[in-house]
Amino acid sequence: MVAWPVRLVYTLRAMASSTPPPRPATSSREALRADYGHIRAATRGLCEPLSPEDYVVQSMPDASPAKWHLAHTSWFFETFVLSVALPGFTPHHPQYAVLFNSYYQVVGPQHPRAHRGLLTRPTVAEVMAYRSHVDDAMDRLFATLPEARFQRVAGAIELGLHHEEQHQELLLTDLSHLFAQNPLDPVYRPRAKPSEATGVPAGFTPGAAGGVVEIGATGERFSFDNEGPRHKVFVDAFELGSRLVTAGEYREFIEDRGYERADLWLSEGWSLTRSEGWRAPLYWRRDQGGWSMMTLAGRRPLAPDEPVCHVSFYEADAYARWAGARLPREEEWEVVAARSQLQGHFLEHGRFHPAPASSPPSATAPAQMFGDAWEWTASAYLPYSGFAPLPGALGEYNGKFMSGQMVLRGGSCATPQRHIRTTYRNYFPPAARWQFSGIRLAK
Amino acid sequence: MVAWPVRLVYTLRAMASSTPPPRPATSSREALRADYGHIRAATRGLCEPLSPEDYVVQSMPDASPAKWHLAHTSWFFETFVLSVALPGFTPHHPQYAVLFNSYYQVVGPQHPRAHRGLLTRPTVAEVMAYRSHVDDAMDRLFATLPEARFQRVAGAIELGLHHEEQHQELLLTDLSHLFAQNPLDPVYRPRAKPSEATGVPAGFTPGAAGGVVEIGATGERFSFDNEGPRHKVFVDAFELGSRLVTAGEYREFIEDRGYERADLWLSEGWSLTRSEGWRAPLYWRRDQGGWSMMTLAGRRPLAPDEPVCHVSFYEADAYARWAGARLPREEEWEVVAARSQLQGHFLEHGRFHPAPASSPPSATAPAQMFGDAWEWTASAYLPYSGFAPLPGALGEYNGKFMSGQMVLRGGSCATPQRHIRTTYRNYFPPAARWQFSGIRLAK
Amino acid sequence: MVAWPVRLVYTLRAMASSTPPPRPATSSREALRADYGHIRAATRGLCEPLSPEDYVVQSMPDASPAKWHLAHTSWFFETFVLSVALPGFTPHHPQYAVLFNSYYQVVGPQHPRAHRGLLTRPTVAEVMAYRSHVDDAMDRLFATLPEARFQRVAGAIELGLHHEEQHQELLLTDLSHLFAQNPLDPVYRPRAKPSEATGVPAGFTPGAAGGVVEIGATGERFSFDNEGPRHKVFVDAFELGSRLVTAGEYREFIEDRGYERADLWLSEGWSLTRSEGWRAPLYWRRDQGGWSMMTLAGRRPLAPDEPVCHVSFYEADAYARWAGARLPREEEWEVVAARSQLQGHFLEHGRFHPAPASSPPSATAPAQMFGDAWEWTASAYLPYSGFAPLPGALGEYNGKFMSGQMVLRGGSCATPQRHIRTTYRNYFPPAARWQFSGIRLAK
Amino acid sequence: MVAWPVRLVYTLRAMASSTPPPRPATSSREALRADYGHIRAATRGLCEPLSPEDYVVQSMPDASPAKWHLAHTSWFFETFVLSVALPGFTPHHPQYAVLFNSYYQVVGPQHPRAHRGLLTRPTVAEVMAYRSHVDDAMDRLFATLPEARFQRVAGAIELGLHHEEQHQELLLTDLSHLFAQNPLDPVYRPRAKPSEATGVPAGFTPGAAGGVVEIGATGERFSFDNEGPRHKVFVDAFELGSRLVTAGEYREFIEDRGYERADLWLSEGWSLTRSEGWRAPLYWRRDQGGWSMMTLAGRRPLAPDEPVCHVSFYEADAYARWAGARLPREEEWEVVAARSQLQGHFLEHGRFHPAPASSPPSATAPAQMFGDAWEWTASAYLPYSGFAPLPGALGEYNGKFMSGQMVLRGGSCATPQRHIRTTYRNYFPPAARWQFSGIRLAK
C-alpha cells in the first residue's frame, strides 16, 4: 500500500498545469456552461436507483465502481481546468489526485486500477460532496474568469464534458456486469413494456461503388484527437447489412453448433471459447424455460427481434463467417453513416437495451446505424494517417491505446445522443463483452 | 453464474434437518436465551462505526464482507435450528441458503467464497431485516418450543452462539484488512489513549518437568469437537516465554537483517518472503518518520512495548530461531494455561489491539497467556487421538480443515472473553497474517 | 494424457484428404523435385551442430523443440500429399498424426502445444527415420505418379516446401531462445570474424508522393494466401529510413532513459516493460564489461553498427517515437520494396545475425530492405480487401491468425533467400522478441 | 538469466568448506570406499535404458531431469567433501556449483529449480565426464588422505552416499512422470512376468496396548538428522492394517463414488479433486478396455492384488475414512516396524512396481511394512522433541522443510534396500502423487 506524499502530488499537478492547452473549444462559453450543468446533473440522475452498497464494488478489473466514475470525472475538471485556471482554487482532498487519476502517467501516480473496489472510503456522501466542490468552483470559473484565461481552458472543459459522457455509459455497463454476478438478479430500472416484434427482414444495402473516399474529423466541431485528421482511403465496392443482427439470428448460430466449429473462428477466439467456456453472449443463460438474459431491467426471456449484444469481436467475426459475410471496415461504415440520419435509441430513451429495428431501411441508408448497439468493425484501432495526439498529459487520452484493440462504431443504448457522431471511434479489446456491442454484416 | 433452483435448496435443507443433533447443550434454556440476546446484540454493536459502503467489500479471498458475516451467522440458526425445530418457520428468502452457506457441503451448494464481495444486494438494511427475522423466530422458539423438542436443538443453539462469537472476531480482522488497503487510513474507532510503556522484561517461566500429561476438553462445559477427547501426551521438560514478544523486540530482528537470512527460515517461509516481499509484519510501514502501523484506530507509530502481531507462523518461527528459542507445542501451552488465570485484553475491552504486559509474570504462570494476541504454536492442526467429529453436517465444522494449518492458542484482543478457554484450538494456514497473531517463545 | 485411437486418426486423415486441393503449383514437376531435395537436405544441415539433447527441450510455449520441427514438416507432406495421392502409402507411425499436427483443427486433434517439450520419444534417430520414410515416399511419388494425379497435389507440395523453409527459420530462433536460457552460453556455430564498422549514416529516402497504389500478390508466382489479392490502397506522401536502426542507436535510446519514459510507449507496451522487467532487447545484458549479447555464436560484445534485433513491436514503436519518427505501414514498405533489389544477408550466408549496412542507400532505394532483420510495421495483421483463404484444412494456414498480431516485412538473417519476396507478410504478436525483429523508421 | 561470476562461486564454496563437519561416520574408511563404488555404479546402471533425449526434460517443477540427478549427486561430493579436504582439487567446471546446487542457500546461489529442464548443455556425455572427474578425485581421497583429515569428511561422505540413494529413487519416479506424459507410453524396462494373485486377505494386526514408547534414531548407526533424537511419546492402544491397501480395494472406493462424496475428504483434498480433476490415482486411466495404468514397464491393466500407489495423502485419508478406519501416526508405525523383519521389494528387485503381499502376516507383524510402497501417515512432518539440525550448510538437508508436509514410512520398490530403516522419515507435500506412495490403514 503506497501513500503518496502530499508534496509530490502537488508537484505533479503543477506539471500537468504547465502543459500546453488542448485544442480550442468549438462551443461558446455560454453553451459550455449550459452543457456543464446538464451533463453533470445527468450523471447524478443515473445514480438515483442505486443504494450506497451498489456504488462500491468492482466486479472485474476492467470495470470500475460507480463511485469511482463519479469521482474520476470530477478529478478531470479539478486537474485539467480548475487547478490550471481558477485563482485560489484548492483541491478538495490532497489524496484524491492519486485515488482518482485513471491512467495519466504524466500527471502522476495512480491508485492501481484493479484495486478501485477496495476503497469503501470516501463514502458516497463524501464523493457527492467532492462533486459539489468541483461544481461550485466551475460555477465560479464560468462566472468570473476573464475571457482570455477562460479560452486557455475552454478546450479542456469541452473535453471534460465529453469525457463525462463516456463515463455515463461506462457507469451503466459496469453496473450491468456487477448486477449480473448476483444470483438475486437485481433490477436497475424495471422495463416499461416488452419490445414488440417488428419483423424487419435481414438484407444488404449498397455501400459504395469503390474508389478513394475521405473519412475522419475535420475539427470544425468537437471530436476526439483519434478521429482525425480527415484523410483519404481507398475502398472497394461493398454492401452493408440493412440492420443489426438480431438475438434470434444469433440463437440460430448457436443452435447450428457455431460455438463448436473451429473453422468459423479466429484462432484466438476459438481458444477463448474453450478456456472461458463461451457458448452464448455474455448474460445469456439457457435453462429449462429456454434462453433468458440478464439486463438492467433484471432477467427476462430473449426477445428474438432485439439486436444481439454483449458479444466479443471474435463472436461477431465468427457469426459473420457462419452467415457467409464479414464485418465492415471502419471506413466502409463511416462512408454510409455520413449519409444516414443520426437517430436511434440512446441513453436518453431510458431503455438501457437495444430495440428491434422499427422501420425498414431506405434504399441507401441501413437501419440502426446509430444507437442501440455498438458495431464491431474489422478494423484494428490504429492511428489515422497524419494522426497527432493532443499535447501534454491529455495526449494520453486516446493515442497510447492504439494497439491490441478493435474499432466499434455508432454508439449504443447507453450512449448519450449528443455524444455520438459519424466520425466517432470507440475501441475495446477483441475479447470484451460487457459493452452493448453488437453485429452488422458486410460483404 | 449459477442460480440454484428453490426446490433443490429445500431438499438440501431437509437433508440437513434430518441429521442427528450435535452434542447436548451445556447451558440451561434460560442461560441460552440470555446469551442469545447478548451475543446477537454485540454483533450489531460492532457494526455501529460502519458506513453502508464498509459492509460490502471483500478485500481478499480469505476475508469476508461485514454484511456476509451478519447474514451467515443468521443462516446458521435458520438452517440448523429454526428449519429443524420451529413449526411453521419460513426461511426469510429462498436463495439465502446458497448465498450464506459458508462451507457445509452436505447442506448444499455455496456461493463461491471468493465472490462474496460481488453481492451489493441484499443491502445492509435487508441483511438487518434478515437478522431480525431470525431473531424473532428464535424468540418464538425459546418461548414456545416444548422442552423435548428444544433439547433436540439446544446443542445447535449453543454451537451457533460460539459460532457467532468467532465471526465477531473475523468481522474485525477482515475489516482491519479492508481498511489497511485504503490510502486514506480509515479509522474504525479512535484510540482513547496511547499504550504506556510498562517495561516487563523478557524471560522464561518453568513449564513442566517432563512426563505424561493430559490435555483436551472433557466435555463437561461447552467445547468444539476439535478440542477433545481429553487424552494423554508425553512432554519433555520445557520453559515458556514469560510474556509475548514485543514489537520492539521484533523490530530488532528486522534490523538485524532477519528477513535477509535464509538460515533462519523454514523453506516455505523463505520463499514467501521473496515472492510476497515480506520485510515486516503486515500493516507495518517504514517511511521517513520511522515505523508506523495501521490499526483499527488508524495509522500510528509503533509502540515498542506492545506485543507484535500480524505475523505469520513462518515469521514467528524465524523470530524464535533468531532468538535462540523455538515456538511452544500446543500441549506445552495448555499445561501451563491450565494453571493460569484466564485474564487479558479481549474484545470487550474495546482496545482492538494487543496491550503491553501490565504486570510481571508470577513464578509459575507467564503473563499474557490469554487475550491480546493469538500465539502460534509449533503444532500442526491434527485430530487428537480418539477424535470424532460431530455427526451430520456439523461434522464439517472443524474436522475437514485438519491439514495444512497450524494451531494458535489463547485468544486475542478481538476474541470475546467468554469464548476463550484453556483447551481452545484455533487454526490458520501458516502464511496467514491478518489475524491478531503473535509470538511466545519456548525452549 | 489423451491417446487418440488409431481409427479416429485415420478417419480424420481421410477427411483431410478429401478436401479440395490448394492452388496449382507455380513450378514444374522437375523444379519441385529438385527443390524438395535441396530444402529437405538444408533442414538436416541446420541440425548438424546439435547434440541429441538440444533437439528435445521447449524453452517457452511459443517455441518448439528442434525435433518437433523436423517431424512436423514431414507430417505436412505425409498428411497433405502422401496420404492423399500416393497409392499404398502407409503413415510411418499411427500416433504421429496427433503428435506432429501443429494447429490444423480440421485434420484432427493435436498434442497440446505447450507440451511439445515433454516428448523425449520418438528419439532424434526415430525422427530422422520418419523423415527418411517420408523422403523415400516422396521420391516414389515424384517418380511414379501419373501427371494428372500429380497435379492434384503439386500445389500442396509447393506449399510444403515453403512451409519447411519457415520452420528452418523457426528452428534457429527457437534454438537461440533455448541456448540463451543456459548460463553456459552455448555456441551453435562460432563466428568467422567480427562485423566491421561501416559507418553508413542514418537518414531518410523518399517513398512515394501520395496517391493510389497497388500492393499484394498477383498469384503468378508462389505466394501464401495472405499476400493476396492484389488490391489498391491510398498512401500519403512518406519517407522511409535509409537503413535499419543500429544497436548503437538503440543503446542511445536506453541511455536516454527510453525504458523509463511512459510518454514514449503504447499503454500495453509500458505495462510489459514493468511486468516483464524489459530494459533492453532480449538477449542483451549489461555487466561490468558493458553491454553484451547472446547470439548463435555465443555471447559477445555489442557491435554498434549492426542492426538492433530481438525487439518487440512495442519497443520498435517507442524507439520510433523517441527518434521523432514512426514505423512504416506495410503498404509503404511494399511500394518501396517493389523497386528495390532483393539482396541482403539471409540464412545461406551463415552469419545467423544481422550485418551492418555495407553500402550507402541509393537515392530511391533504402539499404537493408531484405534479409538481416524483420522490420516491424505499424500495420495490424488483417485480411486484405478481397482475401479468401485456401480451401479445406490448408485454409487454416494463415487466415485464422488475423487478430492480435502485427505485420513484419523483409526477412532476416535466418530466412532462406528464395523464401522471401516483396509481398511477403510475416506476423507475430506485438510482444514477441525472440525473432530477428528489428526497426526501420518512417515519417 | 543470471550468470554468477566465478569469483563469487569460489567465495561461497570456501564458506561452505569452513562450516563444521557433520556427525562422524558410522562406517569404516574401507566400508565407505566399497559403498562409494557400488552406489555410484548403481546410479549409472539405472540409466542404461535411457536414450540421451530422456535425460534432459523436466516434466514438472517438482521433478528433475535424470541428467540433473547425475550431476547434483556429484556436486554434493565436490562441494562438501573434495573442496573441503582434497589438496589441489580443482572443481570440474566453475559454473557447475550454481547449476547443480539444489537448495543450499548457505552454499550460494542456485539455478532456478523450475528451469532445470532448460539446460541441454552440459550434455549427458559431459555430465558423465563430471561424474568420472569426481569419482577419480574421490578415489585419490580414499587412497591418500591422512586419517585425521579423512575423519573430518567421513561423515559427509557417508551422508553423500545416502543422498545418492535418495536420488536413485527420485531418478526413477521423475522418469515415471516424464514417460507418463508421452502418448507413446514408453517402456523403461519391460516386465518379466505379471504379478500373481496371492489373495492375502485384509485385516488388522494388534499394534500396542497403549503407554509411553520410545521412537527415533539413537545415532549408533547412520541416520538423517530428522530421525532423532530418540525420545518418548505416548500412544493409545491401536491396530495396524495387516497389509497395504490393494488396487482392487481402491477401485471399489472409486466405484462407490468415493471421489464424489465431499464428506469423505479433508477440505483441501476435496478442492484438489475439483480443481485438478482427480478421479483415480495418478497414471490410472479408464477406457473401453477398463482400467489400465502407466508403469515403468509401460501401460498395462490394473492388477487388483498389487498395492495401490501414486495416491496423495488426501486420497489415502479419504480412502481410510471410507473404509471406516484412519491412517497410522508415525509413532504407531515405528513401534510395529521395530519388531518386524526388514524385508520387501526394493530397488534391487528390479520390479519398479509394488508387488502383491506374498505371504500372510504373522500375529504380531503385518505384511509389507518395508518396500513396495511408501505409507502415508497421519503425522505432519515436524521436528522431534529435542531435534537439532546438522551444523553449517548441511543443516539445510532436512530441517527447513518441516512445514506443510506429511511423513511417509517404510520405503518403496524404488528405494535401495540398504537405504531404509525403521526410523526413516520420508516426507512429501500432501498433494504429491508421483512417488510410489500407498496406503496402510489403522484404527
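Letters A, B, C and D name the chains as they come in the text, with residue numbers starting at 1 for each one.
Rule of thumb we're sticking to: a contact is a pair of C-beta atoms (placed from the backbone, for glycine too) under 8 Å apart; a residue touches a chain by one contact, two chains touch by 3 or more.
What you see is a predicted model, and the numbers here were worked out from it, not measured in a lab.
J.: Can you list every chain in contact with both chain A and chain B?
T.: Common neighbours, chain A/chain B: none found.
J.: In this assembly, which chains make contact with chain A and also with chain C?
T.: none
J.: If you take the mean of the Cα atoms for each chain, which one ends up farthest from chain B?
T.: Of all chains, C has its centre farthest from that of chain B.
J.: Write down the chain pair in B-D, A-C or C-D that repeats the interface of A-B; the criterion is over half of the contact pairs matching by residue number.
T.: When the contact pairs of A-B are compared with those in B-D, A-C or C-D, C-D matches.
J.: If you average the CA atoms of chain C and of chain D, how many Å lie between those two points?
T.: 45
J.: How many angstrom between the C-alpha centroids of chain C and chain B?
T.: 59
J.: Suppose each chain is reduced to the average of its Cα coordinates; what separation in Å results between chain B and chain D?
T.: 38
J.: Chain D: which residues touch two or more other chains?
T.: In chain D, no residue touches at least two other chains, as defined above.
J.: What kind of graph do the touching chains make: line, ring, star, complete, other?
T.: ring
J.: State which pairs of chains touch, listing all of them.
T.: After working through each pair, the chains in contact turn out to be A-B, A-C, B-D, C-D.
J.: Using the touch rule from the top, collect the residues of chain C that touch chain D in their complex.
T.: Chain C residues touching chain D: 1-4, 51-57, 59, 67, 95, 98-99, 111, 115, 117-124, 178-186, 285.
J.: Name, in rising order, each residue of chain B that touches chain D in their complex.
T.: Going by the criterion above, the answer is residues 103, 105-106, 212, 231-236, 262-263, 265-270, 313-314, 317, 329, 378-380, 382-383, 385-386, 395-396, 400-404, 430.
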